[in-house]
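All chains are identified by letter, namely A, B and C, in their written order; residue positions are counted from 1 within each chain.
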């Protein structure tokens, strides 16, 4: 026991004692104006679909695609962090690793984009299984450090192995033709493909969270000891969550490799791991739509501040600090709280 | 033939030792902070960088800023001034930011220090040359080389090794053998009870954090004459230092080191072994080669 | 309080006075208004079922809970707003926690010397080793190597060194062999004779009955009854009801 552990269960929700996070099961609570959780969800879904479908009309498709890739990445991390209560600081290994694999499969072996993305995703699943199996042996902060250490290992491999192109990364990854005839070099074709992939990935997360499986994850986050005593194989559930999260992070990375046509060391760097944690935190841990909001915010910020050089880092760091101190619920989390108070 | 290979091994050992003492000092600071506060200080590498920069500023820029031409705080004074400055900065961080997060999950503290690291890295990248500024203040007494018999070795690097070992040993002695150290060890185990005895644990926590950061700053000063002072190289080094320390820590050594720092005298052996492992670890394992 | 003990109590200064003491762990409201009085030289026990809030009461007095409200007066001084580390020196408090709190990383002697001296009149190291000779033998052993009984002795010894006069003891007989319990009883009686003020949390009613001047019954975070030592026999039925599981 050390200075920083309090009487409340150490493994409980990151916002321990601080207020509710979005309840996954439908119905749920009513806000003052009769807005239910289900209603909020529906609203967000519609907003997401409408914005997604119409984005090319008012945004550069490439930018919108970048947003979606990172939104999926953040949502995948959130499954682990917000819903299971496990902080992985090594998700960049999955994101970047999948990008490299997809790049190699498509560029060097000449596969079409979809199998390429599948290959990257499967790699992430496998790597996630290994990482998860090792990290889950420990709890709390040790879990996080192990994920970081393993990700560093992957980064080191990415740096040294010949096929990754070292510091230059893997460039000129061809977009190819989807299903053999849809030319992905056409921006709209690429955009809607990415949108489809994003929606599929996001739907998987949504369904997982709102299923009995998701309920168990929440139980583990709230009180691991109690979940254990109820007879749940906590380690297995944690591993399943990790693998699912890893696979979806890999999906995001693979897609990003095709869209931007290169895979770089930055994708696998621990700073990327940190940034995706920030996206999740800023948007709202433990909320379904939070990571999307967080990703959009952070990526947009980075774009707007690109000319400011190193100040971006300072600002991102500053946001981190502020978020952690006073804004732990994140944007969506605070929004939900406001609505519920009515 | 045999003679040559032993010489070679010793030479490699000395070089490894040179990098290793920095790892050791940084690890020690990290372990002390983690032991008492249960916080992984992600900003540790950044504070090491800050230490190097403060040393540089003290030597090269302070005179100009204060309007006193030719004024500088030399290396020897920097050895005291810099850890004090960084330590004070640590006090500020702990009191104003970190303290609020103790009652939450430790991941929040980790994320806070991560944010601090980004801010520090970004700030210094803005004001200083990315490719590195050399530190001109290496004292004349430590220039040149010394003949160790099996190899010739730069005087300064030898000084660094000896000095670092003295600092680490002194810290260990303090924690293991003094009364104040016993308060530290007890508070790491059961802070509430120590408070109930009337010991000002919150102040101890602040000072412990400050001490850990001061160690990082001290490592920075020592490093300044060897590696040019840069946000990039050192931060890139931060990646590898963090990587080395973090991996070592994560793979169960965190318990070993913490136990070692706070455990009974009989575990001295483990500490020595740990130090050796750290010292001999190849520097290029987790980052750019040739660091 | 009966009139006679009122008069008695009026003569002795108040050591500990709790009024409407509420305490919280996080969101849990654990103490709902504890009230009790302890005068100089008195020994009182907190009886009740597990989870009633007895240990928490001791912790609340020491300021070791997340949040507390109400009034905690130690020697007449209000301490409700003080941080934990200032309370012990002010009140010359000595605390034996339920888990005994022997530090694993320290030797027996280091454990003994750890709590800072709060006031004069504490036992010297030699006196302690005379009272607890087995601790002398064990002085270089690590804290964890001691048996339960030895740890309990150590926990008591170390607060006696500090000069504390108001002792808060939590379940000191728990899990100990009858022989050691007897020894502890002798120690407590000696302390009482020397004028220490003691608040005991005890599950072992027989142990408590022989030592205490007063028993407070705690249930669901409140003091629901108070029984003087003299009137134990008359209230045996009531007591049995309170303490039955």
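Criterion: a contact is a pair of C-beta atoms (placed from the backbone, for glycine too) under 8 Å apart; a residue touches a chain by one contact, two chains touch by 3 or more.
Predicted, not measured: the structure shown is a model, and the values here were computed from it.
Central chain assignment: B. Criterion: smallest distance from chain C-alpha mean to the mean of all protein C-alpha atoms.
Per-pair counts of C-beta contacts peak for the chains A-B. Taking each chain's centre as the mean of its C-alpha atoms, subunit A lies 33 Å from subunit B.
The geometric centre of subunit B is 44 Å away from that of subunit C, both derived from CA atoms. With centres defined as mean CA coordinates, subunit C is found 52 Å away from subunit A. Residues of subunit C in contact with at least two other chains: 66.
Each of the following residues of subunit B touches two or more other chains: 103, 188-190, 201. Multi-chain contact residues of subunit A (touching two or more other chains): 6, 8, 16. Subunit C makes touch with subunit B in their complex at residues 59, 62-64, 66, 83-89, 93, 95, 97, 101, 103-107, 110, 113-116, 118, 142, 162.
Contact residues on subunit B toward subunit C in their complex (touch as defined above): 103, 179, 182-183, 185-186, 188-190, 192-202, 262-264. The residues of subunit B lying in touch with subunit A in their complex are 35-40, 97, 100-112, 114-123, 125-126, 187-191, 201, 205, 239, 242-243, 246-247, 249-251, 254, 285-288. Those residues of subunit A lying in contact with subunit B across their complex are 1-6, 8, 10-12, 14-16, 87, 89, 140-142, 144-146, 148-149, 152-153, 155-156, 159, 269-271, 274, 277-278, 281, 309-321, 323-325, 328.
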